[in-house]
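Working notes, structure below.
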Amino acid sequence: MATKEEIEEFMRADFPQAKFIIEAVGKQSATVKHTIGFDELRPGGTVSGPVLMAAADCALYVAILGEIGIVSLAVTTSLTINFMRKPSSTKDIIAECTLLKVGRALVVGEVSLYSEGDEKAVAHVVATYSIPKLKD
Amino acid sequence: MATKEEIEEFMRADFPQAKFIIEAVGKQSATVKHTIGFDELRPGGTVSGPVLMAAADCALYVAILGEIGIVSLAVTTSLTINFMRKPSSTKDIIAECTLLKVGRALVVGEVSLYSEGDEKAVAHVVATYSIPKLKD
Amino acid sequence: MATKEEIEEFMRADFPQAKFIIEAVGKQSATVKHTIGFDELRPGGTVSGPVLMAAADCALYVAILGEIGIVSLAVTTSLTINFMRKPSSTKDIIAECTLLKVGRALVVGEVSLYSEGDEKAVAHVVATYSIPKLKD
Amino acid sequence: MATKEEIEEFMRADFPQAKFIIEAVGKQSATVKHTIGFDELRPGGTVSGPVLMAAADCALYVAILGEIGIVSLAVTTSLTINFMRKPSSTKDIIAECTLLKVGRALVVGEVSLYSEGDEKAVAHVVATYSIPKLKD
């Protein structure tokens, strides 16, 4: 297991250019904020799909690190995203992840994505991470 | 909107051979039980994947009927299922659906599937239904 | 690697009630026919979604057996199906699988599903199988 | 239907910051190149998942425009990506899209993603676009 502070330090070293803020790390869960600026927008004034995916992927990664400790080799193997509502162009994106299964080799999690302050999710993600065998 | 009784009557007429019991219909949600017998099992004593998918699909359909009323032309357009734990061969399957978006043309929902009485989900589904335009 | 005959024998022993016919096993590929009768139909005269999923799952399993040999513990971990056209109620379902990746722990494959004799696919599946470590 | 030149002009106006080059627009298909530089890389020297998603999404959009003409309101409704191999950090990403279904309201397509010059796909995408009703 890793604390919010340990994960922040690890992410800062490994992802220096990331625009993520870890809001919370809980029991098999994590909340991450992705700050939104011009680079994250698409014509028409909405957050681009890949930014939503990045936010979801980051929230899932943080939840995994919080659960199993700092492992740098965990990789996403599959991800399904459903786009449900148009995100606001003036609000940051909040990604709330819950782990559904923490297996020895695979972790499955779901993430709900919100424009900050809004009640209804803009998108929903289910994804699988492959975890390196620690002692094998 | 349709009540549990109206949905049961509709499903009985349209799906006479179905092995589903509607447990609850709520606000943008539904719970369905799929009874499990020899036909639903795979070698090794576990519930087959297609049975889990059928249970999820039914729960989503019931939740949609409960939300928008009896529409016989709603069809599944896409479905993603993650298998997480081995279902029990001696317990029925409980499918709990929550609608994530009810749009004019598309409905998105997620379903958690359990072996009855167990706390941890055996599988998770996200799916999209296409809804016929009622008055357009 | 396993031949079509070896896979047929294995499937017959392990899935005696299955309605599948192995049409071909090729290089990282397989074609399977799922015979369609009353039990596979839904009201309205179309093949049910879970039957399509079962056909896809079987084709993927056969392609894996053909590639890595008889392994009874391979299990589906995730599956995404897109429903594209209404299947014929009077034609069998043909499932054509191509493996996209054969890794040490995970296999990814895609499957196109057809009503026999039709040119356009009725559904498309991408799925992941987890493979037991043989020698670890 | 729209030509490669019409699509290029449309994309330049609407996505001025995009790093995409349209390589080909064919019958229900398109090939797009996403140039890769420092911004597209992750620690460890690989192309980030969201960049792969963006490339796939763009290829699908171009294939749709080539098929149904310039429509600015088409939006992705769902997308599933499987990550299969580590992309090269020094090669551009090639996204090859084939449309699986072009319906009145929904388009389904699949995309294979390659590091340029490599034979094996690094990732595979299936996605659905919702198309605005033109004359309704």
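For clarity, chains are labelled A, B, C and D in written order, and residue numbers in each chain start from 1.
Here, a contact is a pair of C-beta atoms (placed from the backbone, for glycine too) under 8 Å apart; a residue touches a chain by one contact, two chains touch by 3 or more.
Note that the structure is a prediction, hence the values are computed from the model and not measured.
Engineer: Following contacts chain by chain, what is the lowest number of steps it takes to reach subunit D starting at subunit A?
Structural biologist: Between subunit A and subunit D, the shortest chain-hopping route counts 1.
Engineer: Count the C-beta contact pairs for A-C and for B-C, then tell me which is higher.
Structural biologist: Most C-beta pairs in contact, of the two: B-C.
Engineer: If you average the CA atoms of subunit A and of subunit B, how many Å lie between those two points?
Structural biologist: Computed from C-alpha means, the inter-chain centre distance equals 28 Å.
Engineer: Indicate the whole-number Å distance between the mean C-alpha point of subunit A and the mean C-alpha point of subunit C.
Structural biologist: Here the centre of subunit C sits 33 Å away from the centre of subunit A.
Engineer: What is the distance, in whole Å, between the centres of subunit B and subunit C, each centre taken as the mean of its C-alpha atoms?
Structural biologist: Result: the chain centres lie 23 Å from each other.
Engineer: What positions in subunit D touch 2 or more of the other chains?
Structural biologist: If we look for residues of subunit D contacting two or more partner chains, we find 77-78, 80, 82, 108, 128.
Engineer: What residues on subunit B touch subunit C, complex-wise?
Structural biologist: 14-15, 17, 39, 42-43, 48-51, 53-54, 57, 75-83
Engineer: Which part of subunit C faces subunit D closely enough to touch in the complex?
Structural biologist: Interface residues on the subunit C side: 80, 82, 84-85, 100-101, 103, 108, 110, 120-121, 124, 126, 128.
Engineer: Per the contact definition, I'd like the list of subunit D residues that touch subunit B in the complex.
Structural biologist: Residues in contact with subunit B: 77-78, 80, 105-106, 108, 128, 130, 136.
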